[in-house]
Each structure stands twice: as structure tokens, then as C-alpha cells.
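Below you'll find the structures, each written out as C-alpha cells.
One chain, chain A, links the two complexes that follow: it is found with chain B in the first and with chain C in the second.
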Partner chain A sequence: MSRPDAFGSAAPSGRDDEPLVSLDGVEVHFEKEQGLFEFFEEPDTVRAVDGISLDIEENDVLALVGESGCGKSTLGKTTIGLQRPTGGSVRYRGQDIWAAKDGVGDVEIPFDEIRSSLQIIHQDPGSSLNPNQKIVEILSQPIKLTHPNVGLNERRERIYSLLERVGMNPAADFADRYPHQLSGGEKQRVALSRALLMNPDLILADEAISALDVSLRVEMMDLMLDLQDDFDTSFVFISHDLSNARYFAEHGDGRVGVMYLGEIVEVGPAEELIEDPGHPYTNVLRWATPNLALDAAGAGEPPVRKIDVPDPVNPPSGCRFHTRCPEARDVCREETPELRGEPGGHQSACFRNEPDHKYWDSQPVED
Partner chain B sequence: MASHTTADGRYDDPTGESGPIIEMNNAKVTYDGGETFVLDDVSLSVERNEVVGVVGESGSGKSMLASAMLDAIPDPGQLSGEVLYHRPDGTTVDVLELSDEELRQFRWEEVAMVFQGAMSSFNPTMKIGGHFEETLKAHDARVPEGMEFARELLSDLYLDPERILDSYPHELSGGMTQRALIALSLVLEPDVLVMDEPTAALDLLMQRSILTLLEELQQKYDLTMVFITHDLPLVAALADRMAVMYAFDLIEVAPRDQLIGNSGHPYTRALLNSTPNLDAPLSEMRPIEGQSPAPVNVPAGCSYAPRCPLATDECREVDPDFYKTGDGHRTACHRWEEARERITLNFETAGDGAGSGGSEGGS
Partner chain C sequence: MVNYYVRRTARVFVTIFLVASLTFGLVRLLPGGPFTLLRAQLLRQGVPADEVDARIANLQNIRPDEPLWMQYIDYMTALVQGNLGESISLGEPVVSVLARAAPWTVFVVLVSTILVFVVGIFLGSLQAYWEGGRFDQLVTGVSISMMSLPFYVVAVLLLYVFAYQFGWLPTAGTISNSVDRSLSVPFVVSALKHSILPIVSYTLGAAGGQALAMRGNSIQVLGNDYVQVARLRGLSDGRIATRYVARNAILPLYTGFLLLLGFRLGGTVILEQIFSYTGLGYYMITALNANDYPLMMGTFLVITVALVIGVYVADLTYSRIDPRISAGESDEAY
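Up next is the complex of A and B:
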């Protein structure tokens, strides 16, 4: 499938039947730095991402939610080829990204092309924009890279029309400013414009709206979704806020994935996942989402047994959530539940979804 | 600038049996020799043992309000007005009149403050326990008893006291450091805790957990709390009363349920409608158009008028005073009745005063 980019030229594409990005059994383990005297000991391993498989299609939206340290950013970066997995494979239109990087086997799509098709916007737009460059200079770079033959005037025209498109009027005025002369929301729009100028197939928005005021978040999400239609991109949207994930996934006709300690514990269409959570942890995130309904406004007790996340160096055995889960029983310590349900639909990893599981005969976990 | 106060400088805030503990009257903060206002004639009283949630967007002046309560405005800002503190023994002091030494004692022992970013509040080279000891010594408190109380506070906050006291700040997660900071702010048993975005930069689950813990602390130690945030739904879970700031001034103050279910200010209603939440129909969440003004060119008249769908010539010319719009509810808007009718709330409030009636769309 080829599609026109901002300049009307066709974007290259690989095999049509392959998903845009496909992750298969991806693991990312980090070794913790060791002191001098621990040199001969086994290093501690942080299991940031542990055995995740998922596909992202064209024009797809995947919203990842979870607590700090659950591995959602690492998973996102692995998806766009910024982080090399320590196990499993990541494919872009059927081409193994890291095989392309290393030049192993038949490389159908060069690594540079893959990297420019997979873009990122960060949480803190302030530190991702060069403070010494005007906006017009920052935005010229991707055009120079992707379209080296485009002249100065046409480049300016492109930049101005894109700035107007993201709501920065008058564009000529904004283009001549430096990043520090922009508000947080405006900087994030520039970061988004810069990503779009690379004609990406997929943009990773890593907590891209978390630093904005609550009242500006809906506006920014609407903008990203509008641009998704215009530019035909997919989004991986990372957030710790289930209500934002719901908004983004529901409007973008995508899925929400819930992560806990390096694993996806539930994935599915937003509304289904929120109305009928299949994992107790999803229920915890639901509780954590503020609600304006007055009868529910009071916080009440959290539906977890411990409020702190366990150390990812030695994740709990069995179901990793068993140390905090209000429903945990002895079997959860020993056996690991798998993602079950309709593939590509609503799936969750909890024994409670299986009416015949021995969970139901097991004793509740005692702290 | 129109004054927002009645002749005697007070509002008809309902005074409970216990009466106010802090009364801020006509507080004004200026920079550049009076040219730039960052707090414009704000009056707010805080009742004993209540939780007041102050909500505003970035740059609305909400942090200045917190700093003004403790006379801690960053230089070279000038604070004028009056901040009265009513001690439990019945005496009253004006915080702005205190000497440096009196202020130093006042700030930890009577009113304590927690800022956002606990990491930068702790000295990275000192263990958490050291911070508790130093604080106790600096205020001539007995250390053994104080540390005993510190341990109790830490376990109230679901922390393992021995482990936390023996850790350096970088060894703890963000949520743990922030809770340790809350414990530290309470170790001298203050009556009032002022918190400025105490849970920002933490994930939602930790934010909500901390709020639950704060509620328990408030009841256990009879605390009065002022909680300042940009996140309206978050503080709604905790607050008894809420105050909304816009462009360096309070624009609406009301009991929590009133503010959420029956607010009279178009800005408050827009803020409520712009908040993503799990139950509102997605199609009805909409952002607030336009931007809030910078401190240098606050418009004449109502500062929200340029963004307000109901603004008339009166709004553009006359800065609205507070109207009494309900029991303990005051709203600085000429058109509050119309706002309630025409700006429909997009969520189910299910409670008293949930009169979001009116069939017309607001914008």
C-alpha cells in the first residue's frame, strides 16, 4: 500500500500483508550497574519488558497504561526501534528491524528508512527542542532529510501551513520564535509537527500530554487524532491516566493495553476494558481515575493490598500482581496466567476468567 | 481594579462553630514596582479542620496564593494585604507582621508547607532520618519523642519507618519520597498543612493513594489543609470546599458538591467539561477555547470575558464583584444565572444541587 506524503510523493512500503510493526516475544532486560566488589557476582537484572507479543496495523491506535516503572516506555521505544530487545523480534512490514541494523540476511528495508518511519514525541517538549534554534530551523531539518531537493521557499511554505494546521497562528510569527518563547502546549505542537514532517507510519507519544494542564489535554489529543486522519499515521500513546487512554483509543478506534511489571495483563477496546475489566489491576487503575460523580467523588480505600510497586529486579513469582491483588489466592503465587480471550479483541491474564480453574479451590493469600 | 470585598473586607463565608483559622484579606502580590500583578486582591478564609482545594491552570497565580499564606513570596515580589492566623488559644497574629525569627517558627510549627518535587526538597547527601532530626533540632523539639512520632507518621503513610529513615532520597521511589516529605512536614505537629501540587509528577494510582492517606491523616491529627492543584477532579475527592483561580484572582468559591454540581462561573463549568473522565460521553468533552492572560495585560472588565461564550459589553467593561450564588457559594460573574442554564455539564453529578439543567448547548 503506498500513500501520498506531505509533498505528494509516494511513501515506500514493504509487504502489504504484514502488520506495520509486529512484536514477537519481546524481552528487554537491563543489567543493573555493579560496584567494584560485586564484580564476580551474578548481576541484578531489571526485567523491564518480559515476553510481549503484539501487532500494530496501519492507522492503528494503541494506548498503553500502567504505573511508573511498569515498562510502558521501554515497550514503546522497542516498538519504534529505539531500544534493542534482549530477546524476541520486532518487525517493520515484515523486516526484522535489528537484522536491518546489523545487515544480517536479506535486508528488504534499510534501517534508516525504518527509523524515519517510526517517530517519537516526548513528555517534556522543552528538552527535546534545541533552545538555540528558531522554530523554522527546527522544522527545516526533517524536510532537508526527507526531501533534499526542496527549495527554501517551498520549505517555508510547508512549515507555515503545518504550523497553521496545528493551530499556531500567525504561523510566520511563531516560526521566528525560539522554543523558550512558547508555552508547554505550543512546544508540544512543534514537536508533533517535527515528527509529522518525517512522514512517519507510526508515532510514539510517550506521556506527551502528561505535562500539560488537565484542561489542555483534550485539545492536544484531538489535534493528534485529527492529524492522524490527515497524515495516515498510527499512534502508540503512553499514559498513566486511564481516562486519557480511553479518550485517545476510543476516538482513534484503537485498543488500550494495561501493563504491569513488564507484562501486558489486559488489552482490548477501551469501552469494553473499562466497563468490564478482566483483570483486577485494570480495576485498580479505574479506581485511581478521578470521577466527578458526587457519590463516587470520595477516594475510599484503594483496591490493592500494598500501594507500592514491587522491585522489578526480582518480580514476584506466578502472577506478578499477586503481592498486591485483593483477589489473590495461593495458586497465583505459583502459576502464571496467560493472556486469554479473543486474539485481537479483549484479552486478559487472570485465573478468575476461567470458571474451572483450580484458583477457585485455592486459599486466599495471607500477608 | 474593582475591589472584590464588601465594606468590612469580609465575605459571608459560613463560619462553622470553630471559626476560621486563616483569613487572607485583599492579598496582592506585585512585581516590577507594582506594574505586574501575580495575585490580585485575593480574599479567602480557611475554616479550622476543613480541606480547601484551590484549583487553577498553570500561570493562574495559585502557587502565589500558597506562598502568600506563609509570607514566602519569592523576591523581588511585594506582598500587601493581611493574612490573619487564629491560634487555637484564641490569639490572632498577622503573618505579614511577624519578624524573621517568628516567621521561621510559624512556618513549620503552626503552618507547614509541602511543595511539588520531593526530590528537590531533600538534601541528596543526607539520609531521610537526618532530615527529621535536623528539623526537630532546629525547632528545639525533643529528638527522641519527635523521632517516635516520625515513625508513627511514616507507618500512617504505609511506609516501613526503619527502612525509610535509613535510606538516602535517591534510594526511594517518587511516591515514597513524596510521602516521606509529607511525614516530615507534620513532625512538628502543625495545625495547618499547605500543599502546592504535592502529587504532581507521580502516577495516578500513587496520587489517589496519597489522597486517601491525607484524608486519614487529616482526621487522625485534626489538620486543616489547603491543597493547591491544576487537577480539579483529583482534589474533588478530598476537599470540603473548593476555590477556583483564573488570571491571578479567585473567581468562584463554594462547597465541593456545589462547585461541581452547580457552579455559576462559565470558566468553572468549562473546566469541568474539559476534564477527561471515565463516565462522560466522549463526544461532549471539549477544550476551553483561547488562552488565559499574561500578568501584564489582564483585560479591563472580567478577565475571562475574551474566552467566555456569554460575555456582553458589561463583562468587558466592569470587573464583576462576587455575587452570592448559593449557601456559602460566591461567584465573580455578572451572568452566573445564565451560565447555569446555558452551559450544560457533560457528566452525571448524581447528588444535591446537580441542577445542570437547560437543554441548550453552551458553546
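Up next is the complex of A and C:
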């Protein structure tokens, strides 16, 4: 199969030694709406993302997992510059995205270029396509923007070949339909095609397969990974299902990142992370995902002390997982573990990975 | 597809037939009957009974001594031929009265309803873009106050201020008496001058309601993922506002527009009375006061038929405007 992008994409500017997108100590804090009578009180702050540093390389795959409300969507949106971080910085090939947007300092890469390089596929296929445009119109726009000199016929040809590539045959028939005449899986393929036609460097797939039939999920993931090779893109894949994240990271040769209450607690290659979890929370996710087909999984009690997720307005002190962690000891309440391990490899944030930490002399937490 | 249009068109005729029958029935049910008064008057004047019957039959194309079903058939046959009988109070055919009055009413209702939508859509989209801002709060406040103020109160206020106090605009009529009733510049100017106050008072309140509806729709559309993706693609704000947001937000208002057009025709009964504007509504009141049943039935028929046709056009064209609704997929109709 030849590369559908027959026009070739513009050579990426910026320094080559820099990671594609680099997050450094990113914080996203939301202030809750003030009630009428709490005017003089300190506003509540939801710490959706709290101090995350992360690098995404070219042709990289990062699958983020975690329970709802842990901030994985917020982190994803911050990564592609949709959400302005309240602390830390997000850089695209070395250029701070928000400095480029505000025109502050020396802007090496214009914001427009950054904007079109970072794209998104949403969860709900129904709301991600304009109901008043035919598929061919929806897909024409990105081509018009990226290749303004391409004629009508060539544009159509290219759209047809891409539609065929994503498995929508006959392409000419699908191209003249409106979004409501497509199934959920087909809509999601159109959304993927639309994102790819922008020639992006990074696509955020925000729960992009969660709304699809279980039978279609693997197919959609395979398609995304196939097209990754053709289009030279990286993916940030957000999922609440560890088995999907594992499949995607494993086949895309990437990493899985586990998030808990606004922090990344463990990140690493899929197989290593699942076979040998370095954080007790990863173990919980593993237990909660029966189709990972692990010997220990599925049976017995959950490996947590409490089921309730703490309030992100007042996250627990020390290690945020200590309120639920079956291994928690007194020191976990006071000290915050940092991500340890080889950078870019398997890293986790738990004192249990340090053989000579004072954790081992500490007393287990009593509820 | 064709099947749907045929069925839908057939339904229009059935509805109009039912409306006409209902008018016939209602008039028969009115206490005293339509011509009892007239009959009594004529007989008291010493007119022979035969002649009285003939004259009444002429007025309504009905022979009162015939059985009801015969009267009904006569009435419907005349109706199909475009004969609505003769107005008792004005002494001329109802059809010619209607032909004279309808253009004024249609003009006022059409212009004001279009204005309602243009102003409403414009304000509503701006409000949605600046949601929660000062402009939004101000317009929402004004819209709600205007909506809660009935249009006839606004009409009386405007009439008092601009016509009676300042004398800027005429107080009554459709054109001034000195102007020749033919298409010319002074005629148009005079017609516009006379219609400003009715149109404005009929527009203000309703525009507020449309602005609020448009605001809600736009905010909903703005929350859709495809709008965000369009921004990510670097599309211009103007293009997003028109192609993506406005278009999808206006669609639900479109059916409302045609329905409103029909309903607002009925509302002119009060409006035209205030401004002594000789349109359909004005003659309907005249007919009511004068017990002029043929004229009453005529105006009533015209207003209901206009509503039926409004809904019909809305149904037929909606699928052209919104691709999601393709005719034939659903059987719903009003």
C-alpha cells in the first residue's frame, strides 16, 4: 500500500534533538465556582493534573490509563495545547506552545503550525462531525488548508483512496453521505481520516474507541497503528481499560502511563508494566481488568483497602494512593514518592522499589 | 419519496376540508343562528317572507328552509367555487373584502416575523459567543422583560408616544387618504409610515424570545466536538461561526418560523384593532361586532388555511435544509 499522502509533508522545523512534545512539571488546577455565601472563603481548587513531566517522541505511542476523574483527559488536552496549564510548560520541538500563542519571547515555530500539528479524535463519534456537511466536504477542508494548490479532482481522488484505506468501500458512495448515515465505527474512521489529513505530528485519541462496539475496538486500534506508519504520527491514546491500552501500546511499540489523582504513578512498556507492576495502583487496575488473562487476576478480594476515590480538591498528603493502598505504611502519609527508574523506560513512584528506604522500617497504616 | 409528498399534500386538503366543515358547524351552533336577527329585521320592515328567504340565501348561498345536509353541500360547493357569500355589514362579496385586507396583514406579519428572526438570531449568537458576559446578561434581561410585556401593551405605548405625543407617525389606517392607491413612491412611503408602529410593536417581544432560543441552541452547538476540531484545524472564526455554529443552531428555529407566521396572522386581530389597520384582523372584529357571519367565516377560514399551509411548507422544505431529516423516513406530521 503506497502512502496516501502523495504530496509529501513539509519538513518539520525546529530542532531535531528535541522531543516532539515535552511536558515539564505541568499543573492544571481548576477553580471551582464560588457559591453566593462563600464569597470570602478560599476558592476550592481541583488539582486535575499535578506536576507531570513527560516526553513524547516522533512516531511514539503513549497509552494513558486511570479511573474517571484522574485527569487523563486534561493531561491529554494539555499535551496538544487545548488546555492552558496553570503551571509548568508544554513545548513542541523545543518551542513553548503558550509562549507562541501569546507571542511572548522568541517564537521559533509559529502557533498556527503547532496548532495544525497537534490533532484530536474525540470519544463521541456523533458529536465530532458537522451534521450539515457531507463526508467529502468534511475531508476536503484539511486538504484545502494543508495543500491549497490541489485541484478538485485530485482532492477527491485522495479522499477516495484514504476512505478505501480506512475500509470504507465503495468510497464514492460513502463520500456523498452525511454523518448521520454512517455507523459509529464509520464516523470514527472519518474523524481519524480528518485528523490524519492535517499531516499532524501527534494525535490525541481521547477515549476514541470507548464508544465503539467491543468487536470494532481492536479493528479501530489496528487501523490507527497501520496509519501511524503511513502518516508518521505519534499517538496519545487515552483509555480507562488497561487491556485496550496494553494492546495499543504493545502493538504500537510504545508505553503505558498509569494515572492516579492527577499524577503519573507508573509508566513503562506495556508488557513489563503488566507483568511486573511497580506500583500497587497498577496492580489494582490489573485486578480490575479480567481479560488480561493473568493467573492471579480475577480471583479473590480487590487489592485495595477502600474503594472510594479521594476528593481531588483535597488530595491525600504524601503518596496520594496511601488511603487505599494495601501496602501503605506511616511514611507514605508524609513523604511523596517520585518517579524512579530509567528515563524513557519503566518508571514508577513507590517507596517499595527502593530497598533501603525508611519505608521498610515504618509501621503499616491502620484505618 | 414521492409517496410522502403525495400523502402530505392530501393531508392539507383533508385539514382544510375539516376546517371549512367546522366553520359551517360552529356558525350553526351560535345562539340565535346567523340570520335570525337579519330575518327578523327584514320581516319587521314588511318585506315578504319569500323575498327575505331569497335575500338570505343570496348572502350565504344557503336556503334556510332546506335540511341541514343540503345546506352543508351548498355551502361547500360555493366554497370550492371561491364564493364565500356576501358580507352583511359591508354589502359586498366577502372575497373582495378579503382580497383588499389580506395584503396589508400579510405585509405586516411577514416583515415583523422576518425581523423577529433576524434580530433574534443576531442577538442570540452574539450572546452565545459572549456567554455570561455583560452583553449576554443585559440582552437576556431585556429579552425576558420584553417577552413578559404583551405586544398590545407595547403597541398602545408606542402609539401614545410616537403618534399622539410627538406626532411623528400616523395614528391609524394603512395609507393616508390623500395618496392614490397605486404603486408609486408616495404610496410606498405612506404605507411604510403607517406600518412602522404595528411592525415594531409586533416584533419587539417575540424577538426577545427568539434571541433566547438562538442563544441556547448556539451554546449547545458550540459545545460539540466538531466545533473544537474545526478550531484545531485553524479555520477562521467567521467561517466557524457561520458554517458550523449558526447553521446548526438556526435549523431548529426554521420550523418555528413558518408555524409562527401562521399563528401571528391570528394575533393581528388585536394589533390591527389598536392601529385601526384595515387588515384581516380588523375586519374580523368588525364582523364580530356586526354579527356579520359570512365575513367572520371568511376571515377565520383564511387565517386557518394560512396556518395549515405554513406547516405544510415547513414539512416539505425541512428535509432540504436539514439533511438529517429526509422526508419519508418518519410519518410525523401536524
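Methods note: the second predicted complex is superposed on the first by the 349 of 367 C-alpha atoms of A that agree within 3 Å, B and C clash if a C-alpha of one lies under 4 Å from a C-alpha of the other, contacts with A are read in each partner's own complex, and residues count from 1 in each chain.
Definition applied: a residue touches a chain if its C-beta (ideal position, glycine included) is under 8 Å from a C-beta of that chain, and two chains touch if they have at least 3 such contacts.
Just so it is clear, the structure is predicted and the values come from calculations on it, not from any experiment.
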{"item": "When chain B and chain C are modelled together on chain A, clash or fit", "value": "fit"}
{"item": "Angle, in degrees and to the nearest 10, that opens at chain A between the C-alpha centres of chain B and chain C", "value": "70"}
{"item": "Dominant contact partner of chain A by residue count, chain C or chain B", "value": "B"}
{"item": "Partner chain(s) touched by A:362 [first = chain B, second = chain C, both, neither]", "value": "neither"}
{"item": "First (chain B), second (chain C), both or neither touched by A:89", "value": "neither"}
{"item": "Partner chain(s) touched by A:288 [first = chain B, second = chain C, both, neither]", "value": "first"}
{"item": "Chain B versus chain C as contact partner of A:130, first or second or both or neither", "value": "second"}
{"item": "Chain B versus chain C as contact partner of A:307, first or second or both or neither", "value": "first"}
{"item": "Which of chain B and chain C A:68 touches, first, second, both or neither", "value": "first"}
{"item": "Least C-alpha distance (whole Å) that remains between chain C and chain B when both complexes are overlaid", "value": "12"}
{"item": "Touching residues (chain side chain B, partner chain A) in the complex", "value": "57-58, 158, 173-176, 202-209, 211-212, 215, 230-234, 236-238, 256-257, 260-261, 270-272, 274-280, 282, 285-288, 291, 347-352, 354"}
{"item": "Residues of chain C defined as touching chain A within the complex", "value": "224-226, 228-230, 232-235, 243-244, 247-248, 251, 322-324"}
{"item": "Residues on chain A engaged by chain B in the complex (per definition of touch)", "value": "67-69, 183-184, 213-219, 221-222, 240-244, 246-247, 250-251, 274, 284-295, 297-302, 306-309"}
{"item": "Residues of chain A that touch chain C when the two form their complex", "value": "82, 112, 115-116, 118-120, 122, 124, 127-133, 141-142, 145, 178, 180, 191, 194-195, 198"}
